[in-house]
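First chain A sits with chain B, and in the next complex the same chain sits with chain C.
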Partner chain A sequence: MREKATTIYLGPQHPGITGNMMVRLKVIGDTIVSAQTEVGYLHRAFEKLQERRNWLQGFTLMCRFCVPESDPMENVYARSVEAIDGREVPERGKYIRVMVLELARIATQLMWYAGQNGSLGLYTMGQWSIGDRDYILDLFEELTGGRVYHMYQWPGGVRRDLPEGFTDKVLRTLDYLEKRLKDYDDLMFANSIFQKRTQGVGIVPKENIIEHGVVGPVLRGAGIRSDIRIDEPYEVYDKLDFEIPTQEGSDIWARALVRRAEVHQSIRIIRQVIDQMPSGEYFNKFPNPLKWIVPAGDAYVRVESGRGEVGFYAVSDGTIHPRRMHLRGAAYVHAITLLESILPGQNIADVSAIMNSLGTCAPEIER
Partner chain B sequence: MSFFDLQGTLKPLTALKQFGKKPHTLKDIPWKKREASDRYRGLHFNDLDECIGCGNCSTICQNAAIDMIHLEGIEGKKGDSGLRPRVDNGRCCWCALCVEVCPTGSLSLTKDYIYVTEDPDAFLWTPGVDNPDGAERKSFVSDKDHSLNDFNRIPMPELEGKERVKSFAEVVLGYNEQQAREEASRCISCGICTEVCPDHMHIPEYINAIASGNDKDAVKIIYDNNPLPEMCGKVCTRRCEDVCAIATRGDSVAIRWLKRYATETAATADLTHEIVNPEIKEANGKTVGIIGAGPSGLTAAYYLALRGYDVTIYEASAKAGGATMYGIPKYRLPIESLDKQIGYIQSIGVKINFNTKVGKDISFKEIYDKYDTVFMGVGFPDAWPLGVDGDDAKGSMQAFRYLYMINAGDKVDIGDKVVVVGGGNVAIDAARVSRRFGAEVTILYRRRVADMPADWEEIEGAEDEGVHIIPQGIPTKIHKDDKGHVTGIEYLKAKMVADDKGGRPRPVAIEGSETILEATAVMAAIGQMGDYSFLPKEFEDKIKIERGRFVVNEKQQTGDPKVFAGGDAVNRTADAISAIADGFRACKAIDEYLSK
Partner chain C sequence: MIAQIKAVFPEAVNKDYDGNRLDLTVNKEAVPSVLLYLKDSMGFRHLSHIAYVDWIEQGEFELVYILWSPLDKVKLYVHTRINRENPVIENIDMIWRQANTYEREIREMLGIEFTGLVAPDEFILEDWDDIPPFRKDFDTLEYVNRTFWHRPGREDAQDVRSTISERSGEEIPDFAKKYSR
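== the complex of A and B ==
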């Protein structure tokens, strides 16, 4: 007798889903036959709202595109406006931005450590990495005045200069993290449960990678060395020495190894940034925000977030408001088309792990 | 990999070494409140005394979380709207843009982030009232270095001091387009200036138009309630700039120069007509007679003509403009500029009878009987004499009279050493005009330079041109030679004594400090007065005059309901913009009166 497929609704409220979205699964036994993603639970019309705000006000919305990783979003907004307005950023401002972006990358990967392990029932790791992430949030609080919503990078540079003694604190935190990463390896990567649950699971077929527009650690986990920081260097990445780690497996395990290596690279980058950071101005002041007219034009800028490339398209028609703002994040393709294509044949229990591994961030899908 | 992986089982157990350790983040919580960072963006605090209620915080807030509300005990006054921000913490996103754009720097965010109450309305948080001790907990502040306000004014291009005294060429050169746009974009559109402007001009609106490149719109907006805007753009006393929110920590927005820029883009009367494109109502058959073509008379005439009235002005001099024509030197207000503005006013149908002095060429009674209403904008044509010994000497004159004669093209013999007595704009004007005739000029003023009522830019301009100012000097006598010619002026040095009643410090002469200044001419610039001899007795009784001025109600109406008055002969501020405001008010009142 042929078994009948059952429909299971994963989400929109589910601890294994990052943010509010739903995956409708058709399963036979515990094997997925087909998957359909359903979004629409989080739509807050950020892009549309920005059309009604002035060129400064819009920047405060950016951090909400992806709550756990707000800084790349702020960066693309700032750079897109700078590109249209022809506004330069002082060198120190660029270095500070890179420091912030890399700290954000570490924080994102620590968050991912927690999510990836949590989705497999390995909760200790999450408690550790979220605790350690808080040390980075402490740094952010001291630098920007906010722990999660930093609202720090804005057109022309950054909002405030580094507080006194800040770089020493950063270096101390990095030293601490480096030690902790060894503990993480023991608890997570050496753990046979983790290995067995991730190796050969959630494979993204290499032939589908271009078709789906896959980016970030998922792309590099499939052996393709691609990173916006190298391919199209922005800020001061061309002055920094770092590697782009890749892995071959294209499964959750490979992507985990890529992320693990990226944390090390980020630490390496931040140390160089602190070493090279020039003194001087950090912000090239823009005009009175209420009357700031950005000349007509458009710009598309890209940034490498912890989850992959984030693109931002800004259009000005020469008024005090943007004409159109559009953000394209990694999650948009990873968590919809790619997810739907790789889930059939997988086990129900692996769905959350796969979603975490692909860098799903529901708010980024719905702008 | 075998099914049982020994290393993969044992290694994770090393996590046990963390056993018993304190958690990362909790430490002393909840027993001890965690101290936020020095830049933390927590609950708002507002220094209520520093705040001027400009509402810029409310404007920039993208969440509409800030309302400007009245607070008990805080009243509106010049330069303070009397409103204070109230934050809806349920809407606030703690972006702190409100702090970044606060021109006074009174608003800040604090380290406080926990607020627990049973009151559901507690979301509405009035910074400074709900946390009076917040000043000690300030964290995210906007000092001058971080503020997003632009505190530096675009400097106005001017002729060099040495160049200026060679001719009557206009000293101020005016902003070019780019400078005007940049200067206009400094404005935060708070509108605090509008309240203070006697005429309540739509300042934020026209500055906004200039900032966004719509000069024609700016001109149209300006002409909404001021028919002599280019004159104001050049010589207004600009009380608006004194209260500019940006001026609390920087240079005020150059409101006057921006108005000048906008109106100068309408280079001719015809072009002005084309841009303003006035809507003139059909003639209603009613007539208004106006005495005096000064700012108040011209304003009343212009707006009445727009409303369909048949308006005729009687002007004693050969040119219109009143004190702005004859009292202001041409290096500040060129004749062509005034002619252009008056030409435009005439182009909409206002009739002006020049060289017609009421009381001599035509009687007041005749005008009174001929027209449905009468408006008097007769100004203060006479000046106070110095009133000291030797005042009658040849070469002793009134500065106002001197300026009139120079502007009318007459020659005045002032010699080579001029002393001007006074500290107002007339004194500075007379001094700077005398410099242009090559005289050595000294201004003698009773109080300190800082007390001078003249515009600070005028004082600076005079100093640049080599005018010497002697403060704290009280003139006592004018010396003359045998032929009755001025030879010098004697004065006593004064010390400033605090006023018991809380007024400004008074100058008190120091006995025995007599000093004599050599002079070929002495000019008194100590005030003007009215000349109401044109009014027959029967009208003078009805139209009340008190302390040298007509008594009017809030509608500019005199004791005779058919007669309205405005300008210097009515208001104490005695400046052009107040006169324009009078004329505008009178126009509305006359319209109301005749529409009954």
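== the complex of A and C ==
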């Protein structure tokens, strides 16, 4: 007997979906035969709003593009304006930026630990890692005044210098986290439920993987050593010593191992940054922001976020308002063309786990 | 690598302020063939972004295809201009599959038609019947005033400062008056 396909809607409000978006699934039994991503539940027209704002006001919107990961967005905005305007950043400002970016990467991966395990019904891990992420948010609060949205990296440097004794607190937090990561391994990677639910599931085909726009941990999980921090070094990444972890499996398990290794590398980077941190200025002043005219030009800058490449295209027509701001997030490709192509053949129960491992972030798609 | 591209495309320019960057401006008719050549023969395998800008003063839309060569570490911007009156350009999603999503967005936000694009009509917007919202002649403020309205009974809450001062009888300080509507 020929079975009839049923349509089911995953989202837009669903605990397994990262953000508000919907995946329309056609299923036979519990096997997916086709999938289609539908977005539009979060559209806030940030890019349109930027056109009415001046160059400084634009920066306050940037961090809001993706909720769990605000710092890479601030970084691309600041660097794109610096590129067009020919503005230099003092060395200390660059080191502070790298420290913030790497702390943000750890916070993002801790959030991912929670999401990935939560999507498989393993909730203890999430309680641990979200709790530990709060220690990093405490650091951000002390440094920037904000826990989630920091508005800290702006054109010309960073907004404030490090508070007294801040680097000691960072080092103490890193020591603590390193101890905790061993517990995470026991709870997550040694857990046979996690192994069985992730190994061989959600495989991203390796054929033409670069051409299909796959970036970040998903690409490295397929054995390709690609990272913008080494491909196109920004800030001071060329002066730091770190490795780019890769895995061969191209499944959820491989991507999990990549992310796990990245947390260790981030800790290594932050220790070096604190060790090499120069003294001096942290910010080169820009002109009166209400009259700040950025010369005509355009620039596309990229940053390696915890979920992959984030690019930002800024155009100035030589006025106080940006002509155009356009963000490219990792999820723009991962959550639509990639997700739609790898879901057929998978089980309904694995959809959330696959979405989490691809680093889906709905607000980044709609901007 | 940069020299090689310049040999094939003599009009390509280096912009000095942005490192390993190369700019190329092509006719819209040549876009698919140039991109295919760059991808297959020059190693620009990664389509990083398709950006769009409305240059209303010149009556043109601009599309910028930003390519990245993983081997040579070169970033290439392929610019093309499209007439605003008849905005049609060739679809390129057979070269890079993910271009389909970008083109859906551009079709919706600027109203550019991509010949041969197969994709659902709506992407982000739902039941949109105005001009495409990313065109510069789309007035956000006018649209909001036309489409949305104040909740009845809340008309007096529009200027918070004066409402509070009327209720409490306190004077608004001079510095605050400056910023009141």
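Everything below uses one rule, namely that the second predicted complex is superposed on the first by the 365 of 367 C-alpha atoms of A that agree within 3 Å, B and C clash if a C-alpha of one lies under 4 Å from a C-alpha of the other, contacts with A are read in each partner's own complex, and residues count from 1 in each chain.
We adopt the following convention: a residue touches a chain if its C-beta (ideal position, glycine included) is under 8 Å from a C-beta of that chain, and two chains touch if they have at least 3 such contacts.
All values reported here derive from a predicted model rather than from experimental measurement.
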| item | value |
| --- | --- |
| Chain A as common anchor, with chain B and chain C clashing or fitting | clash |
| Touching partner for A:320 - first (chain B), second (chain C), both, neither | first |
| Touching partner for A:350 - first (chain B), second (chain C), both, neither | neither |
| Which superposed partner A:292 touches (first chain B, second chain C, both, neither) | first |
| Contacts of A:300 with chain B and chain C, given as first, second, both or neither | second |
| Chain B versus chain C as contact partner of A:213, first or second or both or neither | second |
| Touching partner for A:160 - first (chain B), second (chain C), both, neither | first |
| Which of chain B and chain C A:40 touches, first, second, both or neither | second |
| Contacts of A:69 with chain B and chain C, given as first, second, both or neither | neither |
| Contacting residues of chain B [partner chain A, same complex] | 1, 5, 7-9, 11-12, 14-15, 18, 23-25, 36-41, 56, 59-60, 62, 93-97, 100-101, 109, 139-140, 146, 148-150, 182, 184-189, 208, 211-212 |
| Chain A partner contacts - residues on chain C that touch it in the complex | 15, 17-20, 39, 45-49, 51-54, 64, 66, 70, 73, 75, 77, 96-98, 100-101, 120, 122-126, 133-134, 136, 140 |
| Sites on chain A touched by chain B in the complex | 53, 56-57, 60-61, 124, 128, 131-132, 134-135, 138, 141-146, 149, 151, 159-160, 163, 183, 186-188, 190-193, 195, 285-293, 319-320 |
| Chain A residues touching chain C - in the complex, by the definition given at the top | 36, 39-40, 43, 45, 47-49, 51-52, 83-84, 86, 210-213, 226, 231-232, 297-302, 309, 311, 313, 315, 323-324, 326, 328, 332-333, 336-338, 341, 366 |
